[in-house]
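Okay, so chain A shows up in both of these, paired with chain B first and chain C after.
Up next, the complex of A and B:
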C-alpha cells in the first residue's frame, strides 16, 4: 500500500498537474512579482539613477553626473554624521549584542518558571517602537520628573542631563533600542539552543570540562551561525537608524545624535534637497551591500570549518 | 527541588546541581533573570503609576507611587486623557487599515508561495531567488524614490508620461507596498512544501483545478503559519510609524503610531496624559499578545530555525 503511494507520488512529479498550463501557474505569482517590481526593485534602481540628476522638488530635471555626491560629501556635516552612525553601531554592539545571548543561555538553564520568565522578559517587544522611543524620552527627562532622575534622586544624586549630554546621547538612544529589541533576539537564540545536542554536554562533563569550558567549546560553536547572522543583521539595521533620533532628540543636541538615515530624511522631506537624499541613500546602500557580501564570505568560511 | 535531579537540558547538568557550587551558579542565574525582569517592567510600572497621577503631583514631588489611587481616579484620568488626545478616530482608522492590509498581504503572499512551492513553472526557482535577495537589500534607499512614484503612481515619476494617480493621503501605497513580503512568501513556500504531493495528485484525479486545490488543500493544511502571519500583519499596523507618517498628512486619516508621534511633539500635553497616551497606543498589541502568545512566541522559532 505504502509503496504504491510512493510510486504514485514519484509519478506525480512529472504528472499532468505540474506541467500543464504554464501561464496559469505563473498567474498566481504575478501580483507578488508586479508589486515587488514597483515597490522594491524599481525604486532601488531609480534611487541610484536619480542620484545623478538635478531634481526640482520631486521631479527629476536633467543629468548632472556626480554633482549630488560631491555636494553631499562636501557638506561639513557629512563626516560627523558618518562618525555618529558608526557610534550608533559600536554602542549597539557593546550594549546590545551580548545581553540577549547570555539571557537566552541563562533562561535555558532554568528548571522552574522558564516559560513565565520568558513571557515577562518579552514585554518590551510587544510595545510599538515609536511608543518605546517616546517612553524613554520621558524617562530621560532632564528634570526630576523622569524615571531615571527619580531613581538618581533616591540615591541622593542631582539630576543628570541624559539625552542633553552630547557625549553620550547616542549611547542613551541605543540603550532604549536595546530595551526594545533584546527579547526578540533572545527568543531567536533560545530556539537555536534547543538544537544543541545534550550528549555533547554530558561527554564534556565526563571529560572534566567546567561550566565555562562547556559554554565555550560546546554551546558557542553550535549557535555560531545564528550569532553571526544576528550580528550582521544588527549592524545593517542600526546603520540605517532614523526613527529614534527623529522621535527622541530631533538629531540634537547640536547634531550630536543625527545619523546618516536621519539626514536622508531631512534632505528628502524637510529641506527638500531630494537629489542629495538619493545620493546619500546610494552611499548607505553601497556600504551595507559590502557588509552583506562580507557576511556571506564569513558564513561560507564558517561552514567550511565546521 | 525534585526537578533538579531530572534536569536533562542545558549547560548545568543534574550532576552539577547536586554540588553546592552548581546550586550557587543556578541561583546566581536566577537572580540575573529577576533583575532583568525588573528592568523590563520598571518602565512599564512607572508609566502606569505616573499616568494615574494628578498633573500637579508630578511636578511637585518625585514620589514613585501616586499619592491617591482609587477606581474613581482611574476612570477620570482615562476619560480626561481620552478627550484631550482624541485617539478615537485614528484607532478606528488603524483597525480598518490593518484588516485590509491583512487581506492584501495574505492573498498576495500565499498565492506566490503556491507558485514557488507546488506549481513550479519553468523559471520559478530563479524568480524565487530574486525575491529572497530583496530580504538582504537595505530598505532606506527606497524611501525617497518610492515617495516620488506615489505622486504619479504607477509611473516612476511625474515626468515619464505626465500622468498617474497621486496616492499620497491614501492607504494604497501602504497596502500595496506592505502586501509583498519576501519573508512571508518564504514561510508560505516552506509550509506548502511540507504538504504531500500525493494528496494534490488524487485531488487532480477527482477533477479539482489549481484554484480549488489551493483553497481546499493548501490553505487548510497550513493553519499555524497562516495564523502566525495574520497576527504579525495585524499587529504590525499598530506599530509601523515612518511610512504612514510620511504618506498620510490628512489628520482625518491618520494612523495611531503617527498620531502618538505628533502627541510627543505637542507641548501642551502634560506628562501624565502623554504616558496615558502611550498606554492606550500599546493596548492593541498587548491584547493581541495576550490572546495569541503561543503563536507569537512559537512562530519566531519557525523563523529562527531558518536563520
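Up next, the complex of A and C:
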C-alpha cells in the first residue's frame, strides 16, 4: 500500500514537473512566437489576402479574385524576370558553390596560421550587404578609374563595361554576392570537416592517397549531407535576390539584371502597385515553399542515413 | 528558474504593450488643449541646424499659443512614406515633390486644403501651372514651396578650356540639341572629357528623356473619348529623340563609357570635371555642396530647343497635410508654413527663417545664385524677397548663371508638367531603351520604342 502511495506521489511530482516545464517552455517561446506572428506569419497571410483585392495605397478596397495574379503574369516582363532569377541561381551555383568548399578543405589541411587565415577570410561576411554592393560597384566602374579596369590596363587591355555588359551583368553581381557570402558557408563546411574522423585520413594517407584523393574519397562522402543542404539553401536564398541589383545596376542594363525580388520591390515601393506586389510575393512564396519542403525532406532523409 | 519565468512574462508583456502602442492615431489636440501638429524634415539634435529649429519652434508657439509644434526628423522618401502613412505615423505636415504628389492624392494620404487655403486668402494666388499639379478635380491638396524648370548645368572650367565662354564670362548658350552636341564634341576634343552626361537608371533617365522627346515633337500618351489611355511614343518623333541620345554616344562620342548612371552620379561627373553638361534643375547648387567645388566652376544656361518645340519640364517641392488632420490642424499647418516664410506673403519671422536657411546652405557649401520659378503669381512678396536674398548672398559670378535666371522669365519656352499618369512606370521603361542604345551601337531605336510602347500599354495603361 505504502509502495503504491509512494508511486502515486512520484507520478504526481513528475506530472507537476512536466506541467511546470510545459508552461515555462511556452513562456520562453512566447516572445519569439509573437515576433514570428507579427513579422512572418501575419504579413505572409495578409500578403496573400491583399493579393486578392484592389488596393489603394496599402488599403484593400474591393475583392477582385485572381486579377492581380493575371496582371502580374501577363506582364511582358514576368518571364524575362523569372529567367533572370534562374540565371542568378545558376551562376551562384557555378561561381558560388564550390569556392567555400575548397577553401574549407584548404584551411582544414593547414597546420600553421589556421585561426589567423580563418579570421582574415571571414572579414567580408561582417560587411553589410549594401556596403558590399557599393564597394563592388566602384570596383566594376567601366571607366579607367575602376579598380578592375586598372588591373586590365596593367596587362595592356582596354576598359571593360563589367556591369554594363548585359550578357554578364548577373555573373558580376553573383561574384560580389559570393565574396560576401562565402565565409559563412566556408565556416559551415569547416565545422563539418572538423567532425570527420581523422583516422580515415590517416588510413588514406598510409594507402598513398594525396590531397585530392583524400578530398574526393574521404572528405566528400563525409560532408555530402551538409553539401546538399547548403546547395538547396543557396538556391532558396539566391532566388530572393533583390538588394544587389537595386544597389548596383537598378535592374539594368535594359532589364538584364532585374530579378523577381527586385520587381517586387519596384511594385511595392516605386510604382505603388501594392496588389501586384502582394501577388508576386505570393508567387515567389509558393515557389520557395516547394523548395523548402524539398529541403526539409532532404534534411530528414540525410539525418536518417547519417 | 522562477526569475527566468518572471523575466519571460515581463518580456512577453513588454513586447505586446510596445506593439499595441505602435502606430499613432491623430488626436488633434494635446492634453492641455492645444492644437497638436508635427512637421517633417526636423534636424537631428546633433545637427548644427538644431538650435535654429528650436528657436523657430519657440517663436512659432509664442506667436501661436494655441498650437503645439513637434519636429519629426523623417524626410520624404518613397520607401518609408507608405509604411509611415499606413501606420499612422506621418507628421501632420510633410514635404513631398511634384513627381509624387498625384499618387499621394490618389492614395488618399493628403488632406483637402481648398477650404483652409481660401479662408487664409490664397484664392488666385498660385501660378496656374502649379495649381494644376497640386490639384485633383478642382480641389487643392498641397502647398507649393518652390518650383523649378530644367536647364542645362555646365562645368565652367571645361567650358573655358574649350573656348565656350564669352568675354564677360557668360557661358555660350547652345540654341538647340544639335548645337549642344557640337559643343560637347568641341569639349571632348579640347579637354578629353565627356561633353554631356545624363542619368540612365532608377527612372531618372526616362524622366530626363521625356523632356528631350517632347522637344522633338513626341507625345507619350493620349486619352481616348471613352477615357482609356493609349501609349503613343512608338512615333518617328520619339525615335528621332532616342536616336539623338544614341548619337551622343556613338556618333559624337561625348557620352561617358558608363551606361549605368544615377542622379547622384551625373552630379558627380559634373562636379569632378569628368563631364561638361547635364540637364538639371536650379537645385544643382545645393547638390554641389557634397563635392565642395569652387562655386565659379558651376554655370547654368537655358535648356536647348528641339526641332519641334522649345519646352522644359516643371518640377518642385510641396507640403501636404496628412489626410486625417482636423480643420484646425490644417489651419495651424498653414500658419506654420507662413511663419517659416513659405506662404504667398512674408512677414519678419518668415524673412528671418529664409535668411537662416540661406546661412545654413552657405555654411554647407552650397552654390548660391541660381534663382527658381515662382509657385505663386508674379506679385508674391515672398518670391521677391527670396530673389533679393539670393542676389545678396550669391557666391557665384552672376554671369555664370545669368542665362538660366533670364530663362526663368522667358515667355517663349513652354513649361510642361510630367506625364499625367503612370509617369514612374514610363520612366522605368524608357530607362531600358536608353541603356540599350548607349550599350549597343547597333540598337534599333524604332524597334526598341515599339516594344517599349507595347509594354507600357500592356503592363500599365491597360491596368490603370
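What we mean here is this: the second predicted complex is superposed on the first by the 258 of 306 C-alpha atoms of A that agree within 3 Å, B and C clash if a C-alpha of one lies under 4 Å from a C-alpha of the other, contacts with A are read in each partner's own complex, and residues count from 1 in each chain.
Just so we're on the same page, a residue touches a chain if its C-beta (ideal position, glycine included) is under 8 Å from a C-beta of that chain, and two chains touch if they have at least 3 such contacts.
No experiment lies behind these values; they were computed from the predicted model shown.
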item	value
Three-chain arrangement built on chain A, chain B and chain C clash or fit	clash
Partner chain in contact with A:138 - chain B first, chain C second, else both or neither	first
Superposed model, chain A: greater residue contact from chain B or chain C	B
Partner chain in contact with A:261 - chain B first, chain C second, else both or neither	first
Chain B versus chain C as contact partner of A:112, first or second or both or neither	first
Partner chain(s) touched by A:192 [first = chain B, second = chain C, both, neither]	first
Touched partner set for A:161, first chain B, second chain C, both or neither	second
Chain B and chain C contact sites that coincide on chain A, given as residue numbers	24, 28, 31, 35, 38, 58-59, 141, 268-269, 274
Residue ranges of chain A touching chain C (in the complex, touch as defined)	24, 27-28, 30-31, 34-35, 38, 56-59, 71, 74-77, 141-143, 159, 161, 163-166, 249-255, 266, 268-272, 274
Residue ranges of chain B in contact with chain A within the complex	3-4, 7-13, 15-16, 25-26, 29-30, 32-33, 36-37, 39-44, 46-47, 58-59, 62, 64, 107-109, 111-112, 114-116, 118-122, 124, 127, 131, 134, 136-149, 151, 154, 156-159, 176-177, 179-180, 182, 185, 196-198, 200-201, 204, 210, 214, 238-239, 241-242, 246, 257, 260-261, 263-264, 271, 274-275, 278, 281-282, 285-286, 289, 293, 297, 300-301, 303-305, 307
For the chain A and chain B complex, residues of the former touching the latter	5, 8-9, 11-13, 15-18, 21-22, 24-26, 28-29, 31-33, 35-36, 38-44, 46-48, 50, 58-60, 103, 105-112, 117-124, 126-131, 134-139, 141, 144-145, 147, 149-150, 153, 179, 183-184, 187-188, 191-195, 198, 201-202, 205, 211, 214-215, 218-219, 225-226, 229-230, 236, 240, 242-243, 247, 261, 264-265, 268-269, 274, 277-278, 281-282, 284-285, 288-289, 292
For the chain C and chain A complex, residues of the former touching the latter	1, 4-5, 8-9, 11-12, 15-16, 19, 78-79, 82, 85-86, 103, 106-109, 200-203, 256-260, 262, 422, 424-425, 428, 431-433, 435-436, 438-439, 454-455, 458-459, 463
